[in-house]
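The following pair of complexes shares a single chain, subunit A, combined with subunit B in the former and subunit C in the latter.
The block that comes next holds the complex of A and B.
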């Protein structure tokens, strides 16, 4: 910005020095000493509005220089506006670069936007609920009427305290398209959300923290949610195929034993069977019990090492007829699976106990390498938890974004009524 | 973040394939299957 000419003159109201930085562009300036608004369109420097107000400090001082988007900007003007109905405030800093013109830094509730005046014409701007710019759809977020509360610095348009205009904000986060109408003109500006840390670094200032969610604040996982769900879906599909390809297991032993009431101290054993490699082992027991129970202590014994793996099964089945309705509970089948049994020769030792009065046959089917669908469901849960969290967090964020708008999409409406 | 999640998912799928091949049953980590080495042939009755 070297060589940018600065023009100075004495304030016609207080005599203080007033500097013009955007020479040839500025048509009004506010005296930093007495806040009097001066016409700078020519060298007569007429008073537009006389004030006796001390200049306020702003978060970014007038005259501060900073680099944004690789362009060096100088803050030359400041306007504070208020919404007439909601009474919410926002600040607009006018930035100037002699080669790139003007930009606006807009602050509201600690959220910042860098805006530029668009040269586009939107015939339905203001009345439409949706606008399209470069293929991007902008949805209406708010409509209102603003009033200028405070002015400081210099401007390329006439601005004074009390100026009123209607505005409509359209959003396509992180962008915002604002349409402002006053008696003289319609102005359309395109803003993009900018993190306050970038402003702090660029202008070497300290800023207030953010409160709430800004209209066009980028949502968490923006542009990534679809990819996250795609990766999760493909992973679950791969896991399902792996699980499904295991088939239904290989039968290694089929045994039928008869358990009598007076055989409580007796153990039963299957024939020896072989596991050719490390695998799981499923034992499925069934007994035609009725209003009775049976407990089976299972011990899988390695023939060569005597190493044992233990499990327990309970079969109980009760049924009856009561108050005109039949009922039943329990079942006649129990199933348990031994995990990761090393290769070798094994036999299964069964130690039963039961409430039998007579005797009962128990059929036992032993299979190796059975598909443990529990494994799949655990992997499924591990994969799906993050995408679901991301989706819910995004939905919650969007709901909070739209809770300050009268034009919230139905999906983000709270459903609360005012009556 | 996308790379980390992709790596995480791929690791889980590979873990499932390995666990299934080796016969591991994840739910048995919390179940009653116990494992004991026997010093004598206790079950030969």
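The block that comes next holds the complex of A and C.
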């Protein structure tokens, strides 16, 4: 066959040539010259509605061809609709490919969707607050009534200005399942959010910027939030295991001293111990004090160089019974750490002072290579900060998405009253 | 495959499918009805109106691993448009059809018709006095619901068909859908019902060959 089956005829209103591209499908066409709507279901070309206006320009012109998802489409029709009560309006471009059939490109507030009719039976379409399609759950987002404001091009259904339809949109971002009901039929269509840049590139057009957040706009980190948290949790677990596997240090000295009240000026010293390599050193002192305090001046002295490192520990413990309740304050253990001590032989000199009468035993445990949990907590914070940010950002995005809906899930409802 | 000579022009008329009882001579457009031993001409078919169907007689494809060839077509019209019913010759000899409407494709095979009461209600729906849309019907143990009922008449036919389909043959056509893309249709014609069951298919999954090509596509 030479060329494509293009059907052309003279407009019964103005005589201008009307061309039909989806031959065999198209049953309504709008004259490009005078905007008269013509019945093209058969060759009688009856006038459905006469107009005398030049056709309006659309962002994507009728007749434009573009490739979306590696399928070539021709724009053959355009419908402008508005919601009867909210006065929000949107545009629907009808796309045609002789092999793949029809699709709709829908624009609202600069956001775009590519939609296709779904041939499924939904028993509760429109009335249910949730619909399921291929295992995916869609939640109701809005219900409304639309009216056709303007038409241009050709259509495989009967279209006319003023046509009214009830619609219900269900979302599972980036998808949206819409149910449209008029007197004759119920139609369900599945739409997927598409970035305007893709359309601009496909059809070589310039489009307006987006405003607000669309019902089914993909959320930031969509589908990645779970992964982000999984990776973070595993990293924290790994850091914890590494920290844990370092053990609790190596004991280098264990000393028990008895501090007597009358030996107030006396210093005590541990035996000499060896640090085989540079490491930290922790001193854990415990004394069975009761309603008393003790202060220990610690000096770590290098045997050969006499270099000294200072620290101080306070142990205080008070308890009692007052107003029918027992109480306690402080503790019987003190711990201090000397960091980065060079290798060598050392002893610890203890200079105590205390508030007690009588005497007390102090047990001291000195360990080297004690894991520093502070490092772990710094790593923990570094790992957790991004997942927490992502979660909060996502929550704020979802809250803004549901601001325009009467059916927001409880966690995204704003604190404002409903009226 | 059976070959006859067109009673009108003498050209060879081939019946590829043993299920075919009717054919349109591609040379003289005679409508030929096949009897046990011979063929009879019942008039002339007018030329089919042009359309953008991707198929033509001889187009081939696959459905659920089964190869098919399109050997005949009926073009059906109703008040809001038209659709094509392509008769498929399959290797397993089932009576299969590829329905093509509004850019959608459904492949279905003939099955046992529903009780006559279904046809009665469908015809009443044509008079708009019964709420028939949404009605449930179980065919072959599958639950389906009525989504569309329309009165259609044959605009024309070509190739070979398992039924005689001259221009103006009138049927009431009921479309049913399942919850998972299943499709069925019941054709009601002078008290007789024919039921077809199958599913909607995507263009790509049919892996068609010998299809029509269009400039710019």
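Everything that follows uses one rule, which is that the second predicted complex is superposed on the first by the 298 of 419 C-alpha atoms of A that agree within 3 Å, B and C clash if a C-alpha of one lies under 4 Å from a C-alpha of the other, contacts with A are read in each partner's own complex, and residues count from 1 in each chain.
Assume a contact is a pair of C-beta atoms (placed from the backbone, for glycine too) under 8 Å apart; a residue touches a chain by one contact, two chains touch by 3 or more.
Small disclaimer: the values here were computed from a predicted structure and weren't measured.
J.: Of subunit B and subunit C, which one contacts the greater number of residues in subunit A?
T.: More residues of subunit A are touched by B.
J.: Quick one: classify A:143 as touching subunit B (first), subunit C (second), both or neither.
T.: Neither partner.
J.: After lining up the shared chain so the two structures overlap, which partner does A:102 touch, if you call subunit B first and subunit C second: first, second, both or neither?
T.: second
J.: Touching A:157, do we find subunit B (first), subunit C (second), both, or neither?
T.: Second partner only, subunit C.
J.: Is there a shared patch on subunit A that both subunit B and subunit C touch, and which residues make it up?
T.: No residue sits in both footprints.
J.: Can you name the residues of subunit A that touch subunit C in the complex?
T.: 1, 3-5, 7, 21-25, 27, 41-42, 65, 72, 96-102, 117, 119-123, 156-158, 185-186
J.: Mind listing the subunit A positions that touch subunit B in their complex?
T.: Within the complex, subunit A touches subunit B at residues 224, 227-228, 231-232, 234-235, 238-239, 242-243, 246, 266-267, 269, 278-281, 299, 301, 305-312, 336-341, 349, 368-369, 371-372, 374-376, 378-379, 382-383, 386.
J.: For the complex, which residues does subunit B have touching subunit A?
T.: 1-2, 5-6, 8-10, 12-13, 15-17, 19-20, 22-28, 32-43, 45
J.: Flag every residue of subunit C that touches subunit A in the complex, lowest number first.
T.: 49-54, 77, 79-82, 102-104, 106, 133-134, 144-145, 147-148, 176-181, 183, 200, 203, 211-212, 214-217
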